[in-house]
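We just call them A, B and C in the order they show up, numbering each chain from 1.
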Amino acid sequence: MADQPVVRRRIVKTGISEERTNSSKVQSQYQPYKDAAWGFSNHWYPALFSKELPEDHVEGIQICGTPIVLRRVNGKIFALKDQCLHRGVRLSEKPMCFNKETISCWYHGFTFNLDDGVLSTIVANPDDKLVGTTGITTYPVQEVAGMIFVFVREDDFPDADVPPLSHDLPFRFPENSEKFPHPLWPASPSILDDNAVAHGMHRTGFGNWRIACENGFDNAHILVHKDNTIIHAMDWVLPLGILPTSDDCIATVEDDNGPKGLVQWLFTEKWAPVMQNKELGLKVENTKGRPYRTSVVLPGVLMVENWPEEHVVQYEWYVPITDDTHEYWEVLVRVCPTDAEREKFQYRFNHFYKPLALHGFNDCDLYAREAMQNFYSDGSGWDDEQLMATDISPITWRKLASRWNRGIAKPARGVAGARKDTSLRFKDTADGRRPGYKVIKIEEE
Amino acid sequence: MADQPVVRRRIVKTGISEERTNSSKVQSQYQPYKDAAWGFSNHWYPALFSKELPEDHVEGIQICGTPIVLRRVNGKIFALKDQCLHRGVRLSEKPMCFNKETISCWYHGFTFNLDDGVLSTIVANPDDKLVGTTGITTYPVQEVAGMIFVFVREDDFPDADVPPLSHDLPFRFPENSEKFPHPLWPASPSILDDNAVAHGMHRTGFGNWRIACENGFDNAHILVHKDNTIIHAMDWVLPLGILPTSDDCIATVEDDNGPKGLVQWLFTEKWAPVMQNKELGLKVENTKGRPYRTSVVLPGVLMVENWPEEHVVQYEWYVPITDDTHEYWEVLVRVCPTDAEREKFQYRFNHFYKPLALHGFNDCDLYAREAMQNFYSDGSGWDDEQLMATDISPITWRKLASRWNRGIAKPARGVAGARKDTSLRFKDTADGRRPGYKVIKIEEE
Amino acid sequence: MADQPVVRRRIVKTGISEERTNSSKVQSQYQPYKDAAWGFSNHWYPALFSKELPEDHVEGIQICGTPIVLRRVNGKIFALKDQCLHRGVRLSEKPMCFNKETISCWYHGFTFNLDDGVLSTIVANPDDKLVGTTGITTYPVQEVAGMIFVFVREDDFPDADVPPLSHDLPFRFPENSEKFPHPLWPASPSILDDNAVAHGMHRTGFGNWRIACENGFDNAHILVHKDNTIIHAMDWVLPLGILPTSDDCIATVEDDNGPKGLVQWLFTEKWAPVMQNKELGLKVENTKGRPYRTSVVLPGVLMVENWPEEHVVQYEWYVPITDDTHEYWEVLVRVCPTDAEREKFQYRFNHFYKPLALHGFNDCDLYAREAMQNFYSDGSGWDDEQLMATDISPITWRKLASRWNRGIAKPARGVAGARKDTSLRFKDTADGRRPGYKVIKIEEE
């Protein structure tokens, strides 16, 4: 056999089909997206819920490979690069603050102004030449409706160019109601609305942020949810899937002054529910369920309108931590002008939305996202995937994100996860600690 | 000292000896073997015991870096590439089958014919252009004596060229009795014999498959077993080792129509037991033990005849999972024409063979194999090892395997273990899960 | 925005300051140190405490990526490369010795002379051509005051060039008392003194040995210790820090015949305690504490004189295991001519020094060292750090170590930690085992 030339005469049609939606020509249109394993820089991301950062507390997180420390003083929140410029330790590992204007490094006392990051003194070396000549990057912060947002920028991104938070948040209603009518549901609330209340949770997902994000507005994975308790508790009947019926099934939004993203015309004639698969003998009758609409804006914020109930909207973020972990945020927003409404929303969140929607329903999305990670983690997935008609959604998103992101985050250096295989990580793992989002504080003797 | 040229005048003879058996010239004769870190493709490998795949069950495994899903329908077993061509998830993670002819992906409903792998429909998109134009590789399956074998091929390896299973299984007796006489024991049974029964176990070994395999037929490691309970329970007295006495101590078998491998002429005059080591003052008197013979065939199947008892034969496989893990198979075969004999064999397997031979005895081999892994894992071991006379066995094997393998498996991409250092793996590890062979199914809410 | 050229007009002074102490010119003077991730070879390192290696015991450790096996015979200790030249397993994993002159490999019986490492026989193959033609490296050993030291050399480093142990140990007193006066404390004992007793502990630190070592004699990190129990139990009042007042605040020692290192003139006028930081409103009054002096010699041995009490000295080593782990040794030495004094020293060690100094106080150093590891592990830290005036200590050390080390250890191959991401390591980690210093022996059936 070794000498005979092998004749390949396989019948099965394998390999990459000519018919897949993302030909190499299409792929070339979203190369920047393929390069964005560590996320997009110079965008607003959620960092913590307000209640996670009480007065005078300090917390450390990591976004797009950038370590960030947050401190709240007199109610105001400051965010700085969480890496001492001296020997590189994280300030948040063992918080040390001597006054309300600065944060000091617990190791050698390097002290930084909260507002501009300048090295204002060194505890035991106040006259050192370094003082006043250097500093650490600060990050603009905005707090709305119980959430803290940080503008995660490159070190030299100018203050004057920082866009408003609203440019990185979902489209608002009713101001967009004419452009994007919604006859089946009331105008969706926004986290920026007066009296908006946000309830939610965040947890670490073990996969790249992009495959997580693409799952969020994917219209073709209804199957994953068919056994979910919420479906059966509500007596919903789902179609097999939803198919685009025309080329304008998705509207991209690229206005100068506002978020860049896309809106899917779900529950219009541009998308049709699939009720039958003859080949498999599957047939659904009398579908009954919630009408909803999904949209996504940069840097990767999902909005599901009219979900899980009227007057409530669900936001999701897939905040890049490293190139193979992201912090998965699920947030429900409702406008609650009265205490009674706030209480009711909180109660309903605790006993209905959180267990059945954020956990039960979205848990299935989380495992689907993690299930894709091996395929995409070495870069081969982007080239080998074979996409179908409904994948017009992620492809539209990839192109849009390639056009409008404000920067491709560089592969991180000198931080947790930059080298994945350090003994430090094996130590933590042996101790039962998964890689995560928040800094674990040093335990004192 | 920094200025003085250092004079090296060491006395100890270190470095690579001129006398080692595998000079660089010899090594060049088995370069293909050195390249086969991920195993040999286009060969038959054991996948599961029959009882591990009951009717209508689905299981996922990985062989040579290839993810494989098995499903049994009406008793027949089908094997396909366990990676959806759409977004790369493993079908076996959450099995979904709508009929007896197909398997569907749980994520978006891509549905593949069991028999030819063609994408026959998509649950929610039956008319997609992709349908019928692409598919996933299928793998020929054969089930004998309670074991399921899969032909793990490259995607374009033609059906017509698939060799019979017998070409990748040990030599059979009595048909080879003239060629390879065995005056000390009865003709060994074969798993392919009528009424053959196979009992055994498989578990993951943490090391490359080649160093595992070479341990199997290594005649020089008797020392490892000297304290084993089976030795002392049976009152055996082992020699210190066994040495080849002539160049023809090993016969290679390279017939056109049959397995390619080697047979060692143990318990003939071509191998002599070593009874004494004067230097160390060691002397063995009156050895008493089992006569046996070892042989190995591609793709790495060990046969130990007359072991652990007459009329029983032991097979071993070292099935590559990744380049640093393998599934270690230990199987005992006996021909049992009657129910009484089957019952007795099962009983003896449970209470004697399994605890004392497969565990007690072979556990020592397993740790020896894992103990070599650091030395070989970065490739330096193959160049730095210094071999001795008995190592004619592995060297003969390496050359033979280099000549007759049907393909060198490429380093895997897009699957578990392709990148070893992902956070996904650290998560699993923190949760107490070692890398393994079988897919762990997704737990539902 | 995509079309507009971005104008960078950031105010905060970030990036690398011109004023940092280690400009690129300075850095170029210690390039060898930056290359020494795996440590310095051809130096004496502590291997074990004497009590860890009783008569006839065998232990395996790893230093500078070199596996080393130690055996004690008739009181004398032998050290050899712990990697069989045949198939690379560690001899220490399952010790096998047939006499008092050799150690044999448990796998195939390769037997090495303890004194010169020559392959003197193979258990089952005494006449093999390999015998006598090859061997494994031996390492000179010296045992003093309850500690075992090994000279970890390159394979071809000649016996005749092995320096005395004293060249790799701290400076001695009173013989250096004139050169380095110590009016505030009695002459420090040395481990080489008659009747010297050493008590201590060692444990694995998860970080590179260099950042660990630099923490040892760092005068600017007093802050880390401000809350330590020993400080408050002893009623000490620490200054904010200590600053150099002149260029000669550190003396380097580079005599031909002796250790190469540096002595810091602490508690002289060359270093001034910092009592106040006006910017932060911090003021210390009436400092009260122990006067002490730190010095460090190659290959990275710290001495703290007069600590934690008079007549006691603390030594520390940061023995490289891999490029990202080190064995942290903390040893207290006192001269105890009588049994009563030995007993008292042991008692005080157990009940005061060990809990409050070696653990309580130094635990804070250990976490500080590990906290630096991410910053330095990918090499970026050495270029990005911004140092201050007190960092004259590490910079002086880096230059000195670059000039006087006897060899830069090469990145290890074929040993534990050479590849960090092997499945073998994930297996261990899943089982709860952190990477460590000592070989874990094979468990028998």
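Just so it is clear, a contact is a pair of C-beta atoms (placed from the backbone, for glycine too) under 8 Å apart; a residue touches a chain by one contact, two chains touch by 3 or more.
Because the structure is predicted, anything quoted here is derived from the model rather than measured.
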- For the copies chain A and chain B, the interface residues, called same if over half of the numbers are used by both and different if under half, are different
- Item | Cα-superposition angle relating the copies chain C and chain B, to nearest 5° | 120
- Approximately how many whole Å separate the CA-defined centres of chain A and chain B? 44
- Note on the structure: Where chain B touches two or more other chains simultaneously, the residues are 420-421, 429
- Can you check the complex and tell me which residues of chain C touch chain B? 83, 85-90, 93, 96, 98-99, 102, 104, 106-109, 111, 116-118, 120-126, 128-130, 132-138, 155-161, 256, 403-404, 406, 413-416, 418-424, 426-427, 429-431, 442, 444-445
- Task: Flag every residue of chain B that touches chain C in the complex, lowest number first.
- Result: 1-2, 6-20, 206-207, 211, 218, 220-224, 227-229, 239-243, 274, 277-282, 322, 324-325, 359-360, 363-364, 367-368, 370-378, 380-381, 384-390, 417, 420-421, 425, 428-429, 432-435
